[in-house]
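Letters A, B, C and D name the chains as they come in the text, with residue numbers starting at 1 for each one.
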Amino acid sequence: MKYLGIEPEVLKIAVFDFTGCEGCELQLANKEETVADFLKVLDVVNFREISSVEGDDYDIALIEGAVTRGDEITRLIQIRKQARLLVALGSCACFGGVNRLKNVLDLNKVNREVYGKDPKETLPARAIKEIVPVDLEIPGCPINKDELERIVQHLIWDIPFQFPVYPVCFECKQRYTTCIFELGQLCLGPITRGGCNAPCPAGGLGCYGCRGPAADPNYSEFFTIARERGYKKKELDEHFNFFGGFEGVG
Amino acid sequence: MLFKTLSKPEFRNLVDLLLGSTEVIAPKQIGVNNDGKPLHHYLPVQEFEEIDLEYEITEYSAKSYFLPFRENLSSCRFEDDDWTQEIHYRLQPRVLMGLHSCDINALLKLDKVLAGDRFPSPYFISRRRNTFIIGIDHYPCEGGFCQSVGADVVTHGFDLYLTDLGDRYFVAINSDHGYNVLMQVDAKDTTGQDNKDYLEARQRIASKFEPLNMHNLPNLMDIEFESEVWKRWGKKCLSCGSCTMVCPTCYCYGVDERVSMDGREGAKVKQLYSCNLLDFAAVAGGHNFRADRETRLKYRYYHQHRGFMETYEEPLCVGCNRCGRVCLAGINPPEIIRDLQTEDQV
Amino acid sequence: MKLDLSVDVHHLTRVEGHGNIMVQVRDGKIQEARWDVVETPRYFEAILKGKHYTSAGLLTARICGICSFGHCLASLRATENAFGISIPERAAWLRLLAKHGETLQSHCLHLFFLAAPDFLNTSSVIPLLESHPEVVALALRLKGLGNRLCEVTGGRATHPVSLQVGGVTLMPEGLGSLRDELQHSLDDLAMAVELFHTFEIPDFVRETEFVSLKGENEYPFIGGRLISSDGVEHAEHEYLPMTNEYTDKNNTSKWCKLSRESFAVGALARFNNNHHLIHPQALDIASSFGLTPVCHNPFMNNIAQLVECVHVVHDSIRLIDKLLESDSEPTMVPVTPRAGEGVGAVEVPRGILYHSYKYDEKGNITKADCVIPTTQNNANIHYSLKDLVEQFAVQGMTDEKLELLCSMLVRAYDPCVSCSVH
Amino acid sequence: MTELLHPYDITQEADIMQPLDFNRRSRLKHVDRTFKSEIINIIRLTEMEKLFQVRILDDTARERFSFRPGQFVMVEVPGYGEIPISISSSPSHKGFIELCIRKAGLVTTILHKARRGAPIGIRGPFGTHFPIEKMRGCNILLIAGGLGLAPLRAPIFHVIENRSNFKDVHILYGTRQPSMLLFNYQYEEWDRIADIDLKVTVEHGDESWTGQVGMITDLLDEVDIAPKETYAIICGPPVMFKFVCNRLTKEGIQMNRMFVSLERRMHCGMGKCCRCNIGSTYTCLSGPVFDYWTVLNLKEAI
């Protein structure tokens, strides 16, 4: 689209996967009704999961997954050198994601349990920003393709993108969803960043906070609410630690 | 106002006629909560059996059928570095039935802002004019204080209004539309006994309310502007906006625009917003006029009970207490108003 | 004739996850032919320990972004078996519909995005947007339909939210229009079949043992007995003697074996073991490709996937009809945790998947084990690669041709490498 | 199936309604209609601000469009958003309006990229204006800080064009540093007009700056104020107009003779979205121009 007299930039983009399920990458090929148009505004120079082209000439690097091994650190530093804009895609890249759950375990012991006499190299899971500077974080497990489309449009036009500041509850209400607390389950909706359109509560599942904290979350009141409703520390911890976005809270 | 009575079987015929002719939205039970209490929503229905007129209160108000949470205000098509704007207003008629007096009063208040004034909203008016409203009397709901804000009775703002008299409904008719529709079935003229039964029924309802002291509230709010009451309640606020979403009268919104992925179309989308959300009063450049929860919560009450009063001589609140029910932190108007009333009385 | 060949693929493209191919031929003799999985391990089984049963399905869905529904369903089944719960019939239909959605979505992703570029002589689907827009549009329509089935039943296309222990929490909406779409998609599938008829499937045969669920009355997807084409049969909870996992020093994924040095799971295995239960129209299409049981050409796994697409579309229509008839029946049963063990076996797009959990009386996991289809396939991929090189290397190969052939072989298994290294 | 209810077409109602005044505020169906306009010129003022000259394309609409100093328009960049911008040109000028825009958010960023000739949309004008007709025969203080010169330009033009209606006229302008001065190419012209006193100051000078250094209130030291016959118009950030107004109050000017323009983020301009509420006053309807007494009574204004 040419408008306002400006030719839109075609973004040279590369997608790299680290430790994770590759579900966020898969979202790039989901939302089929617009995926053809989505791929047309991008010049995909490297995207191993769907393409055999392996170019090094990219401006924007989308990084999926957490870092859990030495070779990943080397690879990431190399990508950071090339990329003008480095984007952490999904909760694993932004926070470490579910991978972070292993950090509390004795990794040597676990390794022997799983691999016996052939233990594999592994490091505590870390978010991308713990290794190299990140320019943009797009959280979610998986990311929301609608939001990603908007972000890509903003990148094309080189104008700032503003994530919603409101918590999940707000969009939950806009979907006429009955509050998960009302149904007797724990939900991190009141303190988790919205913008996902609240699919989990709408599907009858309390929020596990995959998008990390909302702007200015009211933790103290949230804990009061959870306590009043009889939730124990273990349940709260299981929710708070699930995606790694609430490190240090709880 | 004209009155008729309608036997229960004839009422069913009326509803069946409407169901056969147009979209009907009515209270419907969608499940139960953890305590086994039924949950109701206003939803499109296909059959008479889906409708539950005995409901106490719906989780969400009927507001969103007039002010949808998201609404496309205008679209535009891009072509050759140029654009054209297109605007459409909803035109299909529909029936909204089972509204309690508080929800009808809420629509009357919204009319003042959105249908009158200097800039009437065609989106709102179009929906309003194309909605046929059937209200129904009910006993006070738990926690509600509609009588204290004068929203327990309703004299206009509907087409038909029902009062249950056991074997029949007493029907108030407030529009020619209402009259014409009612004439499609066998509605009877009211008898002296009907009138007597109706007035008694109303009396029974009125006697069940527990009044909430709202005396001098607008001035009290100015006096208690810096009160600890706001700090206490503000500390609890999650800034999630749930209260304003379920509120039948909160109407504030934000607008943002989107471009389709192929770049051919744009849309200007209105999203109902909430004055409790962090960035409600933030301006470009970063300054936020209402950066704390306490201030935001206070101004929501200010708008409801003082600001609107100043302009229209009535509060914006209709006393349904949906906001209090939905709030996880338990923030609710009766307690806040009581706190304000007692704050400086030692 | 002196023949030296060398293939070194570091991080094979157009597959899920990270794996390497290494082939060295000196003087016509194979020095090395390897398939190594180098994906980073994530230790899901260890993470699962201590977790409440309500988190297990969510957590294990994150093993894989492509078959998250399959993992979730296997997890729920393991938990329900441990607690002795049987879900309502309607919930079972919804889950199978979700499963079909995933199968369609995943098979289409593989067939069109990952496999087809090799046959159409291109690097990826992206150039096809220009050169074969109708193929891309077709692929997107079919894949989109699969995703919509998942959304309607699971709440979203990846990492389901409404598939929970005890049943399904979401009331599906728009089933009627989905049924119409499914009906129309049969035309799309007919076009896809035509397209695949134009592809040259390499003629390669390697005697293989095939493992899958055993269908009783229906082509199997969720639960049931386990069977191998070599005649081994076990109950669902006896998955360990069916898988026999062991570690390999070059692989972060484990390897498996049964009656031979390796075995295969996946669409071809399902078809080989259960062809008599597949939809007749799907069976006709299979024969049109010369796919008849027991087929030992791993490249035919692509065709078996296409055949399964036809089957799941037909079966989804059947399920939607049942669901529409039983509108008001429940989809959840109350759940009371108890101490116990349970196994859930589910046929995910890439083959049979097992989850096995041990629970304490509070409903917290004390032991977990997940055996992934690609884990079961990895040894077979490795050994087929050897045979492939042996059969083809001598026929006037170049490094490039051999690399493509080897890559196509690995892709034909549609490996889900992240999964296999969970 | 019987048709019990008939669609009600609101556009019919809209057509029979009479226009109230010059703009389309009463035209129901035109409430969200924008005037398609062309950016005819872009003038770079500083690193952060550009002046856009914008012409309504439709001849009739352009003829009918008029505004008063202090009013604002909603500027829409279709697909990107809509923002309130005060009009910075002379109210008597019919061909185009001028909008001084600082690059601050999404819409302004995209506007700063736009080229001459680009079609954008405008709605309005909205809001209250400076009651300049009441100021006839009096002295006028026109005081701006920073970007405040943008809305102040409209009353400056009005005063210049009707110079004989007023007694002493002072324009006082201050910014943080010389590079932030807006419209500096016009100072000489304004200064040369007989009996207009222009004073400019910066908080921090640089090597090339030869003018005054100090706060805006310092400039007031040099002005003789006759409080009984002086009006003041003050545009700038709240902290600035608060200082200026307090100073002028000390000089004896009545608070209802001082006018300020407030900045809020309106989303509609029509008293619906509530985003510009100060307390419960709509800035877009009751403002943006308020007298200082009213501002003092608006609890959130400063």
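As a working rule, a residue touches a chain if its C-beta (ideal position, glycine included) is under 8 Å from a C-beta of that chain, and two chains touch if they have at least 3 such contacts.
In this text, all values refer to a predicted model and were calculated from it rather than measured experimentally.
Trainee: By that same contact rule, can you tell me which chains touch chain A and chain D alike?
Mentor: B
Trainee: Apart from chain A, which chains are still tied to one another through touching, counting links that pass through other chains?
Mentor: Take away chain A: B, D | C.
Trainee: Find the most central chain, measuring centrality by the gap between its CA centroid and the centroid of all protein CA atoms shown.
Mentor: A
Trainee: Could you tell me which chain lies farthest from chain A when each chain's centre is the average position of its Cα atoms?
Mentor: In terms of C-alpha centroids, the chain at the greatest distance from chain A is D.
Trainee: Which whole number of Å gives the spacing of the CA centres of chain A and chain C?
Mentor: 25
Trainee: With chain centres defined as C-alpha means, what is the inter-centre distance between chain C and chain D in Å?
Mentor: The separation of the two C-alpha centroids amounts to 64 Å.
Trainee: Between chain B and chain D, what's the gap in Å when you average each chain's C-alpha atoms?
Mentor: 37
Trainee: Going through chain C residue by residue, note those that touch at least 2 other chains and give them in order.
Mentor: Residues of chain C touching two or more partner chains: there are none.
Trainee: Among the residues of chain D, which ones contact at least 2 other chains?
Mentor: Chain D, residues with two or more chain partners: 77, 79-80, 105, 118.
Trainee: Name the residues of chain A that each touch 2 or more other chains.
Mentor: Within chain A, residues 3-5, 40 contact more than one other chain.
Trainee: Which two-chain combinations touch?
Mentor: A-B, A-C, A-D, B-D
Trainee: If we count contacts the way the header does, which residues on chain A are in touch with chain C in the complex?
Mentor: 17-27, 29-30, 32-33, 35-36, 39-40, 44, 47-54, 68-69, 72, 97-99, 101-102, 105, 107, 110-111, 113-118, 120, 122, 141-142, 199-200, 202-205, 208, 234-235, 238, 242
Trainee: Touching chain D in the complex: which residues of chain B?
Mentor: Within the complex, chain B contacts chain D at residues 17-18, 20-22, 73-74, 76, 78, 81-83, 85, 87, 89, 91-95, 113-114, 117-122, 125-126, 129-130, 132, 177, 180-181, 184, 225, 251-259, 266, 268, 273, 275, 280-285, 289-290, 299, 302-303, 306-308, 310-311.
Trainee: With touch defined as at the start, can you tell me which chain D residues reach chain A in the complex?
Mentor: Per the touch definition, chain D meets chain A at residues 77, 79-80, 105-106, 109-111, 113-118, 120.
Trainee: Which chain D residues qualify as touching chain B in the complex?
Mentor: 1-11, 13-14, 25-26, 28-29, 31-34, 36, 76-83, 102, 104-105, 108, 118-119, 121, 263-265, 267-268, 270-275, 277-281, 285, 299-300
Trainee: Using the touch definition up top, name the residues of chain B that touch chain A in the complex.
Mentor: The contact residues of chain B facing chain A are 30-31, 33-34, 39, 41, 59-60, 64, 69-70, 78, 80-81, 83, 235-242, 245-246, 258-264, 271-272, 274, 277-279, 293, 326, 328-329.
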